[in-house]
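I have placed the structure first, in the form of structure tokens, so that the comments after it can refer back to it.
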Amino acid sequence: MKMKKLAALAIAASVTAAPVMAELVIPDLSYRTGPYAAGGTPFSDGYQDYFNLLNARDGGIGGEPVRILECETGYSTERGVECYESTKGEGALIYQPLSTGIAYQLIPKTTADQIPLHTMGYGRTSAADGEVFNWVFNYPANYWDAASVMVNYLLDENGGSLDGKTLALVYHNSAYGKEPIRTLETLSEMHGFNLTQLAVDHPGQEQKSQWLQIRRERPDYVLMWGWGVMNQVAIQEAANIGFPMENFIGNWWAGAEHDVTPAGAAANGYKSLNMNRIDDLPVFAEISSLVHDAGNAAGDGSNIGKVLYTRGMYAAMLAAEAIAKAQEIHGVAQVTPAMVRDGMEALEITDARMEELGMAQIGPAFSVSCQDHGGTGFGIVQEWDAASGTWTALTDYIAPDDSVTGPLVTEDAAAFAAENNITPGCL
Amino acid sequence: MNAMADSYVTEDGRTIGGVLMDLREITLRFGGVEAIKNISFDIREGEIRAIIGPNGAGKSSMLNVISGFYKPQEGEVYFRGALRPAMKPYQVARQGIARTFQNIALFEGMTVLDNIMTGRLNYMKAGIIKQAIWKGAAEREEIENRAHVERVIDFLDIQAIRKTPVGRLPYGLKKRVELARALAADPKLLLLDEPMAGMNVEEKEDMSRFILDVNDEFGTTIALIEHDMGVVMDLSDRVVVMDYGRKIGDGTPDEVRGNQEVIDAYLGVAHD
Amino acid sequence: MSTDFLYLVEVLINGLMAGVMYSLVALGFVLIFKASGIFNYAQGVMALFAALTLAGIMEGQVPFAHIINAILGTNIHHFGWHVPAVLAILMTIVVMVGFAWGVQRFVFRHLVGQEPIILFMATIGLAYFLEGVGDLMWGSDIKTLALGLPQGGSRWLEDMTVGWGGDDFYGFYIDKLDMVATIVAILLVASLIAFSQYTKHGRAMRAVADDHQAALSVGISLNFIWILVWSLAGFVALVAGIMWGAKSGVQFSLSMIALKALPVLMLGGFTSIPGAIVGGLIIGMGEKLFEYTVGSLVGGATENWFAYVLALLFLVFRPQGLFGERIIERV
Amino acid sequence: MFYREAGDFKTSYAEDNQTFPIKFDRYRYWLVLAVAYLVIPFMINDYWANAIFVPFLIYAIAAIGLNILTGYCGQVSLGTGGFMAVGAYACYKLMTAFPDVNIVFHILVSGGVTAMVGAAFGLPSLRIKGFYLAVATLAAQFFLVWLFNKVGWFYNYSASGQISAPERFVGPFAVTGPNAAPWAQYMICLVFVTVCAVVARNLTRGTLGRKLMAIRDMDIAAEIIGVNPLRTKLTAFAISSFFIGISGALFFAVYLGAVEVGEAFGIQKSFLVLFMVIIGGLGSIFGSFAGAAFLVLLPVALKFVGSDLMGWPTDLVSHLQLVIIGALIMFFLIKEPHGLAQLWRVTKEKLRLWPFPH
């Protein structure tokens, strides 16, 4: 990466609230340091590279160049707030913080400042209720969808019945890790399986107790909600106790290359969810030639095509499409955050459009509405092949059970609305 | 509690009153070692009482028993006529017993003034809320006690170092500040553990003068430990002599000087 | 034997094994504290740095590649060679000795005689510094240590013991890595003790630990001894980094293993090498047992705090720790 | 030349006792207050409030609290994060249980609750000393965080386990919630900081302060001159925790608005506040401010210089940031082991003699 002299005197920029509207400003609240750097780096690379591709190939979006403001959060909420405050004055159009903690911070703040917030597959699940969370979007899927997709996949594997089976949930003992519990409890009543919960305290380097318990109780399946070092250790420990890897399924934040590589060959057969497909997409070639070869790569260029890189790029694509939609709705190229929100709410991602963008089938086709900010909730199950070092998709997009997640979303959103005096409604 | 029950007047005109503290059959053990063996003696109001003896005789242990830092296994302590129940050292201090230490125990991080003010702690009653508000009760109390402390400062002639952190003072001055801290408490009984250790002749003379003046002007009862026999004999009204944890002599300086056992102990005659 | 009892035994054994892993980290603390009275907060980061350096050297990574590329606009990352493990370990030890020299030369030589809390604070500064340098030198991605350490439960032991219990007993589980760690810990402690008993420098080290002034007066160079001690702590950090890194890959979180060593130190005493081992065993066993018996009743994930509570309870009855030097209060 | 004490005679003990005995210092103190109250509120915007002033003021309260315990009483504590969490969760429970009561009372009561919890965790300090105590307080840290994470009652059984602050008002002005104006957030923190600093100064200048310092400097001697060590240590824990509880409540309600206990009040927070106290200066109220300012401003300043001015990659900047902060801490300790406050005092003494250094 080259030193890019951003000529703007940032003290002036961060003090004055009047943005110079010459371009589309996209902040990237990344984390390339700290305990979660291994996950943050490829996501941010993908996010930025895609916008750089748009700049290089199309001259931006709708003719307006994109300016990326990267701000390092180190996964800390306080630095996240600092980043938000220092970038929002520059006319930031959309935030994508990639941290549940920062997302919770920004939900009220972005709502008050009227800037859309996109928490893609993380953050507050009930933000799917667009009438309560007007400015927050979490399409294409959320944690409760993920839990339901996992169970649906297992139902399918077991001929439609999980009756009498035991599922163990190994989760990061935090707000993030506790997300799927309620959904899984509801599902366990519905399908008659037993649910064992095993909490792992932050950071999760010592999981001997949890895995000894799994070894004793021999659950049929182990589901995992992990992030950071917890993932690598859990996969290693599962291999150590000889737990069959094909029965061990992580969520989509526990299914990247760096999660499995430290365990080496022992990780072979580990499964995880994904909200996006990880094929060798044509768009990567374009990024390689137009962005990386031009010396504009966001990182060292080594992450292209990886799971989280692809997801970051997917997030950027969804943002770019929403901006384009906003330009179309309002008929101006230089959109405001409020217009981008309208674009997001009217977003429609079709298979044809994804094909056209060189990323066919990267996600499910979905559309957003005022009521539903959550997308379809579809997910695929992928499997790790240690020999070739690749993830392969085992399934097509699997649908969650909306009859289960829907009421939970409505209930939680209503509670939030009551606590914060929000009258649900469309803008 | 013995023959000299009534008050009398000394040659230099000071009045020695009745018994202030009475120690009866004190025995103190550390594990198997008996540091103090069945010792009894008393301290009378207004007198200067010295405890002497060779190294390791148990003098400091005795002082620690009086100030409540050590709890004797046997024996009773009577203070102002009443049996003293088992007490923590800070409770003893609140009864009006103040002391100095053999190895100076000042609060090195605080100024001289603050160190001496700690001597007034037991007189300052403002609660936390009042202290937090400061204006009013707490400030008034602070100023009253400050005035008292200033008198002690004047008395010991240490005005110039009031605001100096104690850590920066030379040894002799530290000893004086420690005395000031103990004096500030207006003690009924003042315990001095080797007040002149490590001092040159001139400093010793100064210190002796202060001790006599304290006794004379404030009428403070003083019990002291000292090695320098000359100083002890000049200063004290009565002397207890200890050796190997036992009491081997007790009486006026002249009486003690004539005691054969004391002479033996000091000349190093072998024990049986 | 009943299955429940066998599982209890298994939990206890695994607790002991986990305890050995904690002890490996605690040893480094003890070495430095004993010789210089410095409570070295940076020990965890040293483990991270040592493991990063080892992984980086083995992979043939270019140190500071990122910053070099940023300044010169180049695009270099690897030398293109792989260094054999033994050679890489030796090179890492050299780096850690150099680090020890630097720490002594630039920091602690100027802080001789300061209060313990100031020294502690300086090691915090050191921790920040070293963490930043580690990231700059080797990057912040997760690295795999290919040292070929065995991992996974011992099948042999499982087969041996599977018949002891009922149908729901699957034999004892012991991680092979833990067994290696135990052997390494024994060797490490034995060689540390041998070093301090039978070599000139070792005896000098003990003399310094006993009394700085006395050691100085017989002509021992404190400066040299402290460099030696920091080097030894660096070596212990490397061992701990390898062992922990084998499980999780070498990554930032490795620096947090220091938090697992603190209750061990409390319990074993800051100045005792045997204490670090025994303390580790007690903590490991205690926390696993608590998680096994009580943890599931209160929602689990109790280990982190219970280790501290256990050490705390212990300290209330023995304030200087298990093997710590007795605190004598005098006036 | 300006900085003179000659001719500034004190004629009463009250005058001699005041916080700033030198006239020039007094003027500067009033000037700082005037700027803080009369100028900054009119200039402040979201960025300066949320990224700089509000965290600085809140950390200053926490640092004052910890300084009372560690700097004045000599008890090193690493439980600050846990105690801040107690303040935050107490405040959340109070805010949701009694929505009609003014937030200021909630914050004060949160401080009170934290004081009680702090005193309870201070009990072992009677037996355990030095670094052993520091490590022992980590038990409080880990246990409290685990507790708030585990027991649903504390977060009103919300699905995620996060707590978020509803909108509350002081008079007609919102001080919590997303619609609070930056000046209102700033002002409520400023008022709390001012009161806390004055109270802390009053508590440490008189009897209690001397008791604490006596325990710190030599606990046995302190006991023999009449200080009850248990009571004094517990008082120190309680008062310290009171301030820390207030800072935790403000941290949650005013600054972040939504927190998750492990992330916001984890072990890193305990260390951070301890760093502030040591870097600022143990046993100095001013030092608490200096330390908080140093550790809040430095990363922002370095980020500004590195990323915004020089345009370096963000990850490089944050790695360099660690290196620079670490090196600066060591450099300061070598130059002045007693913290920024002492550095300031030394500078003042030099100024006093200037321009005649001898």
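The first chain written gets the first letter, and so on, giving A, B, C and D; residue counts start at 1 in each chain.
We adopt the following convention: a residue touches a chain if its C-beta (ideal position, glycine included) is under 8 Å from a C-beta of that chain, and two chains touch if they have at least 3 such contacts.
Bear in mind that the values here come from a model prediction, so they are computed numbers and not experimental data.
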| item | value |
| --- | --- |
| Chain whose mean Cα position lies farthest from subunit D | B |
| Central chain of the complex, centres being mean CA coordinates | D |
| Mean-CA-position distance for subunit C and subunit B (Å) | 51 |
| Distance from the mean Cα position of subunit C to that of subunit A, given in whole angstrom | 35 |
| Chain centre separation in whole Å, for subunit D relative to subunit C (CA means) | 33 |
| Rounded Å distance, subunit B centre to subunit D centre (Cα mean) | 42 |
| Residues of subunit D touching at least two other chains | 146, 220-221, 224, 312-313, 315, 319, 322 |
| Of all residues in subunit B, the ones touching two or more other chains | 69, 101, 105 |
| Touching two or more other chains - residue numbers and ranges from subunit A | 1, 3, 32-33, 37, 41, 173, 201 |
| List of subunit B residues in touch with subunit D within their complex | 67-69, 88-90, 92-94, 98-99, 101, 105-110, 114, 117-119, 121-122, 124, 126, 128, 131-134, 138-139, 141-143, 146-147, 150, 181-182, 185 |
| Sites on subunit D touched by subunit A in the complex | 45-48, 50-51, 55, 96, 146, 149, 158-162, 164, 166-167, 177-179, 255-260, 262-264, 266, 299-300, 303-304, 307-315, 317-319, 322 |
| Contact footprint of subunit D on subunit C as seen in their complex | 39, 66-67, 70, 106-107, 110-111, 114-118, 120-122, 124-133, 135-136, 140, 259, 262-263, 265-266, 270, 298-299, 301-302, 304-305, 308-309, 311-312, 315-316, 319-321, 327, 329-331 |
| Subunit B-facing residues of subunit D, complex | 12-14, 17, 199, 202-203, 205-208, 210-211, 213-214, 216-218, 220-229, 235, 239, 283 |
| Residues of subunit C defined as touching subunit A within the complex | 7, 10-11, 14, 17-18, 66, 69-71, 73, 75, 77, 135, 140-142, 144, 151-153, 168, 170, 173, 175, 177, 244, 247-249, 251-254, 256-257, 260, 288, 291-292, 295-296, 299-301, 303-304 |
